[in-house]
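Worksheet: the structure to be examined is printed underneath.
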Amino acid sequence: MSHLVILPFLLPIFGGLLLLLPPIQNSLSRQRIFAIFTSLLLILVSITLLHTSYSQGTQLYMLGNWQPPFGIALVADPLAALLVLLTSILGFAAILFACSGDDETGMYYHTLILLLISGVNGAFLTGDLFNLFVCFEILLIASYALLVHGGGKHKTQASLHYVILNLVGSSIFLIALGILYGMLGTLNIADMANKLHLLSEDDQLLVKVAGLLLLVVFGLKSAMLPLHFWLPRTYASASAPIAAMFAIMTKVGIYSIFRVHTVIFGENAGELANIAQYWLWPIAILTLFAGAVGALASSNLRLLTANMILISVGTLLVGAAIATEQAAGAAFYYLLHTTFVSAAMFLIADLVSRQRGKAEDRFVQARQMKQRDLLAGLFFVAAVAMVGMPPLSGFIGKALLLQSADTGAAMGWSWSAILLAGLAAIIALSRAGTTLFWRVSSIHDEGETVPRAKLIAIILLLSCSPLMVIFAGPITAITTAAAAVLFDPALSVDALLPTLTHNPGGY
Amino acid sequence: MLSFTVILVSIMVVIALILNLWRLFAGPDLADRLLALDTMYINSIALIILLGIWLSSTLYFEAALLIAMLGFVSTAALCKYLLRGDIIE
Amino acid sequence: MNFVLELIVSIFLLIGGGFILVGSIGLMRLPDFMMRLHAPTKATTLGMGGLLIASMILFTLREPGHISVHELLITIFLFITAPVSAHMMAKTALHQKLKMISRTRGQELLDPASQQLAPPQTTEKVESPKA
Amino acid sequence: MEMLFALCVGVLTTCGVFMILRSRTFPVVVGLTLLGYAVNLFLFSSGRLSINSAAIIGSTDAYGDPLPQALVLTAIVIGFAMTAFVVILAMRGRGDLGNDHVDGRIPDHSSLSDKERN
Amino acid sequence: MLAKPRFRWLPMPYHSMLLFVTWLLLNNTVAPGHLVLGAFLALGIPMLTSGLSQPQPALHKPIKTARYALMVLGDIVTANLEVARQVLGPLDQLHPALIAMPLDIEGDLPITLLASTVSLTPGTVSSEVSQCRKFLYIHALTMTDEAELIATIKERYEKPLMEIFSC
Amino acid sequence: MSLFWIPLLPALGVLAPLFSAKFGRTNCAFATAFAPALALLLMLFKAPAVFRGETLIATVEWVPALGMQLSFRLDGLAFLFALLILGIGLLIILYARYYLSSKDSMGKFYAYLMLFMTAMLGIVLSNNLIQLWMFWEMTSISSFLLISFWHNNTDGRKGARMALAVTGAGGLALLAGLILIGKIVGSYDLSIVLQSGDLIRGHSLYPVALVLVLLGAFTKSAQFPFHFWLPHAMAAPTPVSAYLHSATMVKAGIFLMARFYPALAGTELWVIIVTLTGLATLLLGAYTALFKHDLKGLLAYSTISHLGLITLLLGMGTELAAIAAIFHIINHATFKASLFMAAGIIDHETGTRDMRRLNGLWKFMPHTATLAMVAAASMAGVPLLNGFLSKEMFFAETLLQHTLGSLSWMIPVLATLAAVFSVAYSLRFIHDVFFNGEPVDLPKTPHEPPRYMKVPIEILVGLCLLVGLFPAFIVGGLLHSASLAVLGGEVPYYSLSIWHGFNLALVMSIVAMFLGVVIYHNRRKLFKFQSQFPETDAKLVFESVIQCIVRGSVRIQQFFENGSLQRYLFLLFVMVALFAAKPLLQLVTTTGDREQLPLNGVALVLAVILMFAAIATVIWHRQRYISLLTLSVVGLVVSVAFAYFSAPDLALTQLSVEVVTVILLMLALFFLPQQTPKESSPARVARDLGIAALIGGIFATLNYAIMTRSGVSISDFFIANSKPGGGGTNAVNVILVDFRGFDTFGEILVLGIAALGIFKLINRMKVSMPSGDLKGRNWTKDSHPMILRTVSQSLLPLALLVSAYIFLRGHNMPGGGFIAGLITAVAIILQYIAHGVDWIKPRLRINYQWAIAIGVLISAITGVGSWMFDKPFLTSWFDYFHLPWIGEFELASAIAFDLGVYITVVAATLLILANLGKLTTTHRPTVEEKR
């Protein structure tokens, strides 16, 4: 039997734990080599998993050899596998980038990143709602620890907000789980979709509450309005490679919305069909607005990037709100793009900060950077991709999404919101770039030259954008397939539940 | 008869708990409140033993044992705080 | 289960419950902290003792061939820990110089006690300790 | 009994939420703990309430639902880990920011300085 | 006199004995399997914790110890009844007192045992030990004569304890 | 497929200058020119086919999901534009070779230029709407780079930003428009779209699509009211102005209108919007140009005006007007590019572009002056030059249209008026610069530029002349094939001769010439009149609008995102209430049909205690120690409740966690203030209480509703399989270590990570410690009371024994690794409390970090162990064994898993608490010292 499905979860755990033990623990260089090795291996595994799940269909892994819905099952459909690959690449970049110094400013950097990856991968792969909660907690606790990496007032303060908000979020998650288990008597997502029909109309209302509470929880993770307040400060205060890694965190929330609200509360949920969409429309639009406002108001590059993430969240939520297979496929493509690019931008912001003296990455006149042309070039590529201008990946994602809006109202709202946010992004990023790179007060040769590892990490992330354009055909084929699985009950529900040999009991 | 006694004794213990709670609220000093809490731990052990007798089940014994052990640690720590501020130094 | 067994168990239960209640009444009624400190000893010693003996008897005699003595452990635990808790709380009260009711004798010892000093040598009643 | 149980959950939630909305870290932590109790009770009760039905095979005739218990166990442990982290983070916050306000700065209308409160 | 570990694999024989008995108590059994397991734990745990224990005076009179324990138990019962009456009766008849009892007994464990005994027996709580370990401060719920109380404690509890620890 | 090479060659050419820059300027220029020259050649090979009226198409699939192919189309219109782009592009390369100074990075400049050229070619050759848009936006980006080429110059930066913002906005509108068209037609294939004109025009969304597409076109082509960016783009190096802002990019908007002419034009809406916009632009540009003292400013407004003219022509909707428009595109490109290049030479040689200082340059640079004068004459519409021809066609068309109904006569009048100004500013360009006295205070003494710098102008001016003299011969084929593409079918008869007889159009020309001269002659009065109006600098206005938006954004953001966690949490709770309340309000019955448990007094009292304690925690929350005590009561009652409701495992866990939590909170209490100040206003307290009660009510209702309902559950499976499948009688524990062992594995991972994270936090933590308790008393000096020490020590082995007991029975009875671990940890913590860190440290040499890793690894390896038996992760194994005397016993992999849990729990708890303890082992100040 193949254990490929669980490897993206286990591999980083083994890697991260071995890093804590001698002989690897004893020297930093050993830790680095081992961490890089682990994350490279993880990329290979993820690619294999994606290939398998795309070519052979969804892979089911029954943990403990217990059949679902009794045991926990991992579900590697193309969507999960794709996101796992995304996480792995991002993780590799974050580790590589940190190898030139950022991993020395605090303890356990590589371990925590690897464990974060495993939490994220677990969240993508699991087919069990309570296990999703557990994976959320793994990635959250790792993110808390990483957020304070490097120390400093701002980090402490930002993480205090982040942690407390998420603790409340976790409580709400548990309440929702309690309702769902209480009413449906199961924890398996696919099984929930099945059991929903057995309930009376009155009982379905309780499940609806749970569905909406889950929306709050996932919304908090994905930073949708008005639960987004934590994001800008949190992302802006984190160390660069961690902020880059965090680019995936909001996507976990988005992913969960797609997974839960499509499979359980999708078209086939009868009275409970599309319960989230009613709220998602205004929220998505407002999130885009908040992101645009935030982007325009940003006073430094990190904050700006954080707000760009907000815009991307809004865009993705529009995809979730449209709630068609086509929109979901578009959203997944956009998700990949935005994660790579915003991660790269955080890393670039760090390099910029380090070469601009006290001004750091604030939008004020400052001394010229030592390697201005290099950094400007990187910034330019990232910015073009970020605002969704051709020829980089942003435009395909955006166009796909716009195209997927079908009704007049959907088109009106989503197009104007997405396009206006795009305009705000153009204005904000062009101001940012011209100020950072061209408003120069003096020319010094101080500041550190960009280490090669950092450069490679950034180029790796950035090159994903043109590659996503060149190979847009196959990639959209995968994202389309990923969306198709979600929207087809035969694939997302029936295939995951072997014929039961056991009759469920009752209270 | 036994079940009647168990209920009667349970009520006595519960009344004791209420009295403890009253002391916990009334104070007047922190030490009084702490003492009230400590007594509540002990009375809870009694309650759990009674539960075991009532249900004629030994499954609850460990809970009682644990309260006995952990309640002490808790009281010791709370005292240490009042004495030294820092409980682990 | 026969009546005698039930009766014995009931008596022990009532003894236990009674002392537990007395302890808590004392906790409520007694006028100062140091006096209140005496109350829980009732609950821990005779109170818990009564209940645990009742439990032991019941579970041992309920079914033949099965002994239940592990309740003893709780008693042992309480006997080990309760005096220490009491000591710690008393120590706290002394340290914080909590008010004792005015008729308490030996209040002049509060000061040396709170600083863990020997009592002042003025009182004749106490022999000086051997060197 | 169910009504009483729900009432307790409600009161615990109310108290927890109110405390979470306070402005200093310690009450917030206490609030999170209270909310945690409420949540655990809630999750536990999703398996319905029953007495003398512990899920120990052979100990009784009717068994309560063991699954929510296992879930609550996991939730308790995770909650503990999270509480521990947030407590230490609060301490760190006090050290780094000089006060224990959740926002790291004391708003102007507060009359007491941190030092005075010690 | 301090007990020295006699064997490396049995650093605390009394502890081990106690643990063995406790194990059997916990499991309510004398089944062979548990005897083996209990013995294993009774030997293993002291080995693990020996590093964390300070050497203490050894118990020399196991029988006296048992007799002492029974006596204390008896005292607890009688004293409890007395104190219960006091607690429930009129409070103005109570004459609390804080006294300092000079200690003849030495060593951490003996003093602790004495203090615990004092606390366990109702009506008295050992409140503090002076730094020089020469005085035990005791709070009495009601006291008629200080000297008598001290004498009683010394006679009834301190002396047997001193014998048990032969100091 | 060779069609692909036309845009691909310049795309590859982007690299050429970057690599050749170090081999000298001339070599760099040659290397750069190679690719476009080749592309031009390639295209000329296609000319015969195109002139025959064929449409060449080459397609490769790209993104099927987006309906996006890489598809190129070469028809007459594309050919015309591509010719302009490549031809003028080559001239610009030559010109820039001399224009750029040695300080400028020539490699970069050429690279940007090639990027732009690629994008432009992409637009005109696109046969797919999305692809067209892709290249469209690429022109915005590359033009941004080119305009801001001199980025140390504020004007350059701001001008570039403005251009990007305006054309970017238009681009976004265009995207929407194109997708809309795609939705209407069902394809993004241009060939299909162009054949679906009737379908599009008949669709209800046609007006929206039209407006969106026109927004794209108008912004790009600097049509009123989006014209303001163009003059500020003049901060760019002049080759850029000549190329982008006269010949190519601004024509992209025109191209777009021409391209979609078959699909979108021909409706009233089109006529009204396009005509009026064109007319307004034509007039405004012509009028404003006259007053610009900046040479390039004058040309910029002139460009705006001419773009308006072409737009107007396209808007009129007649076929001949469209042909005239195309003709004027060619003509304008030639004379305007040459004028810009001339202006660049003047700027280059004199150091200024201010016409108030530039005078009498004829003497210094007669050759350049001659060229400029011919081009300017063409711009003015002087006969025998190409500008005259298209303008004549324009006049003729204005006379034939009926756009404005009975007011249609205004259009020829206004067109003439614009022509008047056009003549005037052309005249100014000639007279004011080359004659009009002596130069004023020039930074340099002007002279003729290098020989080859003039070649591009000469070629273009030559074209002006040739077209002017032999229009049909030179551009007849080109115009015909382009018109064919625009008009979609038959091209009506039109005459490309110089002389059409003495008609009204000629009269208009003559009037324009005459009045133009008059106006220029009286320009000073006009300048004076104009100077009464405050000159609004579009750049300032634009910047201030942007500033305004930014400030507004900042204000909005600061208002909402004020950094207050309380607000964020409040919103979160409001959201929860909002989401939950709606379905709950619809719930018909709260109480379900399930039989309820009877209430009893003991439970009631316990519940009351629980609630009172919880409320007391709130009431006393400002006295933190008390709230900690009441919190403990809550925890205690919850544990008892778990026991009461048949969950002994939960009771045990809750109890042990409770103690550790209290210890932790007490540690926190020492390092945090011991009291909470009164900060909340009564209103705030009321608000918070309100939302809290609402949430509490919702949760309670939900809880009650669920508990009283009957339902199905998978739980029976666990009861049934616990013993036979999991080998344990404690179903809860079997779920934890077997059925859902994966959750437990995650849970210990969380605990381990939390410990690591906390250790990370504690490391180098600054702490402030209270010097005394709340009442200002010093702490006692007795840090480790003897009795506590003695007793704790003897409790340790006992506690470990209990741990072992709880651990081993866990699988079958309440207990398990987690609880056992906590008991062990608590026992060890008691040692820390009693003895202190300094005492413990040398006696307990455990590396907790390693222990955590080992603990989790043990669990993980146990899980992986099942791989050897070809079973999934965490598949359990157990068996019963029989030993003589000892009897039957069970061995299970779950025990190994639980051992991992145990070790992790112990290590994690101790790593947290023991390290916290270390913080204060240093000196602690007393109350007196602190004073």
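Letters A, B, C, D, E and F mark the chains as written, and numbering starts fresh at 1 in each.
Keep in mind that, in the parts below, a contact is a pair of C-beta atoms (placed from the backbone, for glycine too) under 8 Å apart; a residue touches a chain by one contact, two chains touch by 3 or more.
The shown structure was predicted, so the numbers you read here are calculated from the model rather than taken from an experiment.
Following the contact convention of this document, F is the list of chains adjacent to both chain C and chain E. Contact with chain C and chain F alike is made by B, E. Note on interfaces A-F and E-F: more C-beta pairs are in contact across A-F. Taking each chain's centre as the mean of its CA atoms, F is the chain most distant from chain B.
Centrality annotation: A (chain centre taken as mean Cα position, compared with the mean over all protein Cα atoms).
Chain B and chain C have Cα centroids lying 13 Å from one another. Centroids of chain B and chain E (each the mean of its C-alpha atoms) stand 23 Å apart. Chain A and chain C have Cα centroids separated by 59 Å. Centre-to-centre, using mean CA coordinates, chain D is 39 Å away from chain F. Of all residues in chain D, those that touch two or more other chains are 20, 25, 40, 42, 45-48, 51-52, 54, 56, 59, 65, 67, 71, 74, 78-79, 81-83, 85, 89-90, 92, 96, 102-103. In chain C, the residues that reach two or more other chains under the touch definition are 18, 25, 37, 39, 68, 70, 73, 77, 80-82, 84, 87-88, 91, 93, 95-96, 114, 116. Touching of two or more other chains is recorded for residues 563, 565, 569, 573, 594, 628, 644, 648, 667, 669, 699, 702-703, 706-707, 713-715, 718, 739-740, 743, 746-747, 750, 753-754, 757, 761, 770, 773, 780, 782, 785, 787-788, 791, 794-795, 798, 802, 813-814, 916 of chain F.
Looking at which chains touch one another, you get A-D, A-F, B-C, B-D, B-F, C-E, C-F, D-F, E-F. For chain C in complex with chain B, the touching residues are 1, 3, 6-7, 9-10, 13-14, 16-18, 20-21, 23-25, 27-28, 33, 36-37, 39-40, 43-44, 47-48, 51-52, 54-55, 58-59, 62, 68, 70-71, 73-74, 77-78, 81-82, 84-85, 88-89, 91-93, 95-96, 98.
Those residues of chain C whose C-beta lies close enough to touch chain F in the complex are 77, 80-81, 84, 87-88, 91, 95-96, 114-116.
Residue ranges on chain D touching chain F, taken from their complex, read 1-27, 29-30, 33-34, 37-38, 40-42, 44-59, 63-67, 69-74, 76-85, 87-92, 94-96, 100, 102-103, 107, 109-112, 114, 117-118.
The residues of chain D lying in touch with chain A in their complex are 20, 25, 28, 32, 35-36, 39-40, 42-43, 45-48, 65, 67-68, 71, 74-75, 78-79, 81-83, 85-86, 89-90, 92-93, 96-97, 102-104.
Looking at the complex, you find that chain F touches chain D at residues 563-566, 569-570, 573, 594, 596-600, 603-604, 607, 610-611, 614-615, 617-618, 621-622, 624, 627-628, 631, 634-635, 638, 641-642, 644-650, 653-654, 657, 660-661, 664-665, 667-669, 671-677, 679-680, 688-689, 691-693, 695-697, 699-704, 706-708, 713-715, 718-719, 722-723, 729-732, 735-736, 739-740, 743-744, 746-748, 750-751, 753-755, 757-758, 761-762, 765-768, 770, 812-814, 818, 908, 912, 916.
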